[in-house]
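The letters A, B, C, D and E name the chains in turn, as written, and every chain counts its residues from 1.
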Amino acid sequence: MPAASLEVRGLKAGYGPTVVLEDISFAVPAGSRLAVLGRNGMGKTTLLSSLMGMNRRYGGAILLDGGDVAALRSSERCRRGLGLVPQTRDIFRSLTVEENLLVGIKDRSRGVIAEAYDMFPRLKERRRNLGWQLSGGEQQMLSVARTILGRPTVLLLDEPLEGLAPVICEELMAAFTRLAASGETTILLVEQRLESALDFAQSVVILERGRIVWHGAAHTLRADHGLVERYIGVGGLH
Amino acid sequence: MTQPAMDVSAGAPTRSYPLYLRDIAGVAAILVAGAAGYWLFPDNLALLTRIIAVALLVLSLDLITGYCGVASLGQATLFGAGAYAVGFACVHGGVTEPLTLMLIGAVAGATAGLAMGAIMLRAHGLAQLVLSIAIVQLGHEAANKFTGYTGGSDGLAGLSVNPLFGVFEFDLWGRTAYLFGLALLVVVFALLRVVVSSPFGVLCRGVRQDPVRVKAMGAFVFPVILKMFVISGAVAGLGGALAAISTQVVGLDSISFELSANALVMLVLGGLGTLYGALVGTVIFMAFEHVVSAINPFHWLTMVGALLVAVVLVAPGGLVNLAGKVGGIGRSKGSKP
Amino acid sequence: MSDLFRVDGLTKSFGGLAVSRAISLAMAPGERLALIGPNGAGKTTFVNLVTGQLRPNAGRVVLNGEDVTSLGAVRRVRKGLVRTFQVTRLFAEMTPREHVTLTVLQREGKATGIIGRFLGNHTVAEEVDDLLDVLGLVEKADRPVGEIAYGQQRLLEIAIALALKPQVLLLDEPAAGVPSSETPRIEQALARLPASLAVMMIEHDMDLVFRFARRVVVLAAGAIIFQGPPAEVAADARVREAYLGNYANARRVA
Amino acid sequence: MPGCGCEAASPTALHGLAVFMQTTLSIATDAFAYGMVLFIISIGLSLTMGLMRVVNLAHGAFAMIGGYIASYITRDLGWGYVPAILLGVAGTIIIAAPFERLLFRRIYGKPELLQVLMTIGITFCVIGVTNYFFGPTLKTIPLPDILTRPVDIGFRTIAAHRLFVMACGVGVAAALWFLIEKTGFGIKLRAAVDNAAMTDALGVRTPVVYAIAFAVAVGLAAFGGIIGAEFLPVEPYYALRYMVLFLVVVSVGGAGSILGTLVACLALGAVDTVGRYLMPDFGNFFFYAAVIAIVFAFPRGFFGRAQ
Amino acid sequence: DTVKVGIIGPFSGPFALQGKNFQAGVQAYMGLNGKSVAGHDVEVVYRDLPAANPAQARALAQELVVKDKVQYLGGVYFTPDAMAIAPLLVQANTPLVIFNAATSAILTKSPLAVRTSFTTAQTTTPLGQVVADNGVKKVISAVSDYGPGIDAEGAFKKAFSAAGGEIVDSIRMPMNTNDFSPIMQRVKDSGAEAVFAFLPSGPTTLGFVKSFNETGLKKSGIKLFAPGDLTQESDLPALGEAADGTLTTFHYAVSHDSPENKAFVEAAGKALGNPAELSFPAVGAFDGMHVIYKMIEATDGKQDAQKAVDAVKGLSWTSPRGPVSIDADTRHITENIYLRQVAKDADGKFINKEIKTFENQKDPGLAAK
């Protein structure tokens, strides 16, 4: 399946009575890469989980290849191509690694699991272990692999590099880049490491207090240190 | 830039300490409700006394379930310990002074609480719940077996209690018993408010949410909960003692699974983790049961069932906390390597 | 013996998997050490063994010359061996202020009193405010932790650890989930710690590691494959292969 | 009481030994049969509690509904035992379906105590309604002749229906194990229990998964209620009368573990049977003392799923 | 004017059947004898007490007396409940007519308590002679481990020993026994020729009797004797074949052949809706109402408990169960105890068929104490 485009219009969302996101609108063309940046607690996670339909939505539209999915529950959104790697990883703690991977597979052939093992050989070694026994990094790998096996056309990554060894980070970013380049997936990346994010993404959205305060091309942001300092804080770029 | 929406709630759910004003208001509310009960239902004082005795049991359960996250389906063990100790002291030991009997009940309950806590804290979750069931069943069985002391299934009858302070008799109309119970409840409630808002109380709440975190803070978990068990036992024991003194008979029902289960139902109904919930739950449940069973003695159970289901649907946080979150048994779903 | 803290031949396996293979390591007072290594190398397990969450199959843990291997987790904390968790473990219904206050009270031995006010003590309150301030948590001090962002929860983890006034502090990925703009807070907090204290940090953020550590230990497959000053780490071929990858080059470019 | 037969090998001693052996075997058989009955009635609850994480105190109520339907079919309609089982199970599932849609669905993933509250409420309602419509008397489910016959198993005879129950127990255990551990459905169910939101986000329609699992559990309850009716007779108060028994057995075994439940049922069945034989006066003491001992030795139940 | 009567009984819960029978007995009596007596209308107030719970019993009794202003209390299924109510009676100036609670000692707790049911000792004692008459020398006793069971065991032991028999073993079975095969194994091992059993009516009786058959005890010629609780009529449709031939002694059988009983069975059956649910508590209630009516008559509707109770001391009448009277000393009912056998009647329905009568039995339990 080819990558899908994503467009968000006037999204307003939050948790229970708390409104966190307001008036969020942006568009990501099919096959492109968008980074979502912002300081701690500004609503990045909330944005991704709202796109996935995992928390409360007060209004707005989410168009996947032009079709509004905002009213659907998350399983249906997943079936239409959205896939999320959550920040908290959300490994199934009582399932083995292999079973974790199986949950996300839509077509029934178990053979595809090999792909995940190719991407993360470490997982193959641990495939009979239960989720809760995994190290932090292994959980992260599993979470990424699990979502990718679902072959999403729009992939939402919430800090996927957190807790991973540098070697693996590199491999993973390379894998994401390949994935995007293959034209099968549009990627939204939330990442704290500005450099990695800017290397990866074509365009950037910056969130502050639940609103989009800046939207533009990655290279523009990289060039403008004032902007970085204002929205991301000092120490963002080295 | 306009004020972001999320700040609206920023200050909302803060807890402000000290809560003394709220506590005083709470005690006053109990007193007012108690007095109202006295004037409004002067003919139902025995029922109201029974509600108070059970309220003490439910309060005691709240201490370990609502605050420490240890669910128990055997809390009546502690209630029964108090009741039987009083019955035994009165019938076989010749103690007839009501305040002494209350003290005996509290000590017996606390001792039973210590033993029960020591056993139950071996396990977690469901296994723990089952331990509590096993304990109350063993207690029940023992009370049934030692007929010579407990009267077995016929009950331990013939408690003759002196008038309170030598003046007020525990009579048919039950005024003494009720007012005495009410005073007892108010005192216990006020003391418990102190306990649960002390550092110890907060620590217990911590244990409920994540014992591993508490340990990593350098605090032992076991003695903390055990201490709460002892306090809980004393409170339940007082409830049992009150029931024994006001009824003048101790039956096997006072140390039964049914009573334990009812207590848990009332607690969850009212809301866990606030002492108010325990009181509200008890009063509503027992009053409802009383009213519907009087209206239709044959098929009222259906109505009670419907009430429980309705509460879960409408007020999952318990009646005191209609909009709030549910405490749960509080076992953290976090990792336990 | 000048070591504040030492482990000898610490060994642990889960079933057939050897996660710690005879790890020996010593830390002097004032030491700033980073423990790095690939995912699943056994770093968290090492912390668990040291702080008593897990029992080793063999080996000893020595603090201040005293063998604490047989002590439980709580006693080790009381002796000053304190950790943070890689995945935050906090009380979702309590506020940051309550967390830190409880910790301070516990340290002072006042946490199990059934009479006395929880937030009534002025010296305690000052200390708590101070700690919350250092970690930038004042704004969220009175909201239930379940409602604050993950990054802030990470900071609270550290605040709790600091509130215990540790002698040896083990930080398991303290910066994971904390945005780079906030990591200076962690560094500041650590910088203010008394010099006598030994800190071990596990981290995958190499920038932070290199700024923080005076010594780096690299763990791979349960064994120490390298230890030395930060400058030499990037040069070691084994470390590069097992862990750093192109990071060293990238850094030079940046 | 049988002699223990431990003296010298005189003919009488030998005879004593033979009697002793026979008694022992006989008690062992009873213990096994009782254990299997417990198993077949409580395995459905193990599934609900361990896998769906719902403390379903209404389990007995569904077992009872199955029993009532089967009793109606056999006694009032005069149909056979097999249709009674099939229709009893199917009918119970149909009756339970609206409960699932309207009530149980609200408590999946909620705190256990909330589940306790609701399922007790449901139990009360079922009891009240049953009492109203069917009266408070016992209802039997007549067995077909083939199951009432005593069967000679060498050292004693045993009622054929006990053998039937044992066979059913083994069959159910195997089928359930396969369903949960080996099929995609099992994996999805376990995932949904672990983290429903994430499972949903991975494209699994969790409500459907839950509904099917619930139907299986309720079906098993009804099945157990019907074929176990010889031991636990069907009457309106059934659901509360045996609630503790079911809860204890499942928890001791480790909720969600089929093997654990089986072992727990056999162990507790054995303790119960032997206790009641040796010292019937203290039968319940034995049972609950054993429960405490087992929980002390296995704080998570025999084969509890890690939490 | 209206005289109110408060009836406390288990109208819901596991003993709902018994409570329902209370109500049926009361309604049958009022149906046959009118809703008023000597010009006073009688109004009955029911209060539910599902299981033994003295505190609740006391609260209900208090409420009935103080709030509902009843002049008479009746009903009470469980002993501890009666024990809790008894101390209130004098102060309340209210007689209590016990329809069931069967422990002898209750009546000693208050001079205002009267009982129209039976005691376990009363129904059990004649069985000792019956067993001996059946040529049985060695008996094993198996009773439910609670008050009435223990009473039954004691009474039987005494009576059977007096008749020259031997009790080889006595078993007390926990109340919640579900599988009786180990008990039956013990019976087998004991070498007894017969079993004396006491179980409260309900699901366990079914399990017991079935197990007795299944383990081959019945076939091997071991006999089963029991007080009539075991073969309560409402259980018979379920017990059916299994209990066929069992000999029991009891104060009442639904099949009792007398015009009074015919009228009673018909009226009570109608009140129940399902005549198959009729069993002994109904007759206790029926006669209890008779006593209360007599009390109302004697006091002319005024509240005077002592006078009311005095009026029925020595009262005798013909009950559906046969001739009965209230013992002036103990205030307990003196009645016939019948030996019955489970058998099919003309319609193929199982009944307790009376085969022998032990006349005018008092409560031996009290005499013992």
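We take it that a residue touches a chain if its C-beta (ideal position, glycine included) is under 8 Å from a C-beta of that chain, and two chains touch if they have at least 3 such contacts.
To keep track of the chains, here are their UniProt names: A, C = ABC transporter ATP-binding protein; B = Branched-chain amino acid ABC transporter permease; D = ABC transporter permease.
In this text the structure is predicted, and so the values were computed from the model without any measurement.
Novice: State which chains count as neighbours of chain D (ABC transporter permease) and simultaneously of chain E.
Specialist: Correct list: B.
Novice: Moving only between chains that touch, what is the shortest number of steps from chain C to chain D (ABC transporter permease)?
Specialist: So the least number of steps between the two chains is 2.
Novice: When B-D is set beside A-C, which has more C-beta pairs in contact?
Specialist: B-D
Novice: Tell me which chain's centre, taken as the mean of its C-alpha atoms, is farthest from chain C.
Specialist: If we average the C-alpha coordinates per chain, E ends up farthest from chain C.
Novice: Averaged over CA atoms, how far is the centre of chain A from the centre of chain D (ABC transporter permease)? Could you give it in whole Å?
Specialist: Those two chain centres are 45 Å apart.
Novice: When the C-alpha atoms of chain B and chain C are each averaged to a single point, how far apart are the two points in Å?
Specialist: 42
Novice: Whole-Å distance, chain A centre to chain E centre, using C-alpha means?
Specialist: 74
Novice: With chain centres defined as C-alpha means, what is the inter-centre distance between chain C and chain E in Å?
Specialist: 74
Novice: Hunt down the residues of chain B that sit against at least two other chains at once, touch-wise.
Specialist: Residues 141, 145, 298-301, 327, 335, 337 of chain B touch two or more partner chains.
Novice: Two or more other chains in contact with one residue: find those residues in chain D (ABC transporter permease).
Specialist: 128, 131, 281, 284, 307
Novice: Using the touch definition from the top, which residues of chain E touch two or more other chains?
Specialist: In chain E, 12-13, 16, 20, 145, 174 touch at least two other chains.
Novice: Over in the complex, which chain C residues touch chain A? Could you list them?
Specialist: Contact set of chain C toward chain A: 14, 36-45, 86-87, 147-152, 173, 176-184, 204-207, 242-247, 254.
Novice: Going by the contact rule at the top, pick out the chain E residues touching chain B in the complex.
Specialist: Contact set of chain E toward chain B: 11-13, 16, 19-20, 46-48, 51-56, 58-59, 62-63, 65-67, 79-81, 83-84, 86-88, 91-92, 103, 105, 109, 145-148, 150, 174.
Novice: Show me the residue ranges of chain C that touch chain B in the complex, using the header's touch definition.
Specialist: For this pair, the touching residues of chain C are 48, 51, 53-54, 73-74, 77-78, 82-83, 85, 87, 89-95, 98, 101-103, 105-107, 110-120, 142-144, 147, 160, 164.
Novice: Which residues of chain B touch chain C in the complex?
Specialist: Touch list, chain B to chain C: 10-11, 13-15, 17-18, 194-195, 197-203, 205-206, 209-210, 212-213, 215-220, 223-224, 227, 231, 325, 327, 332, 334-335, 337.
Novice: Sort out for me which residues of chain D (ABC transporter permease) touch chain E in the complex.
Specialist: Touch list, chain D (ABC transporter permease) to chain E: 1-2, 23, 26-27, 30, 33-34, 37, 128, 131, 135-140, 150, 157, 159, 230-233, 235-238, 240-242, 245, 269, 272-274, 276-277, 280-281, 283-284.
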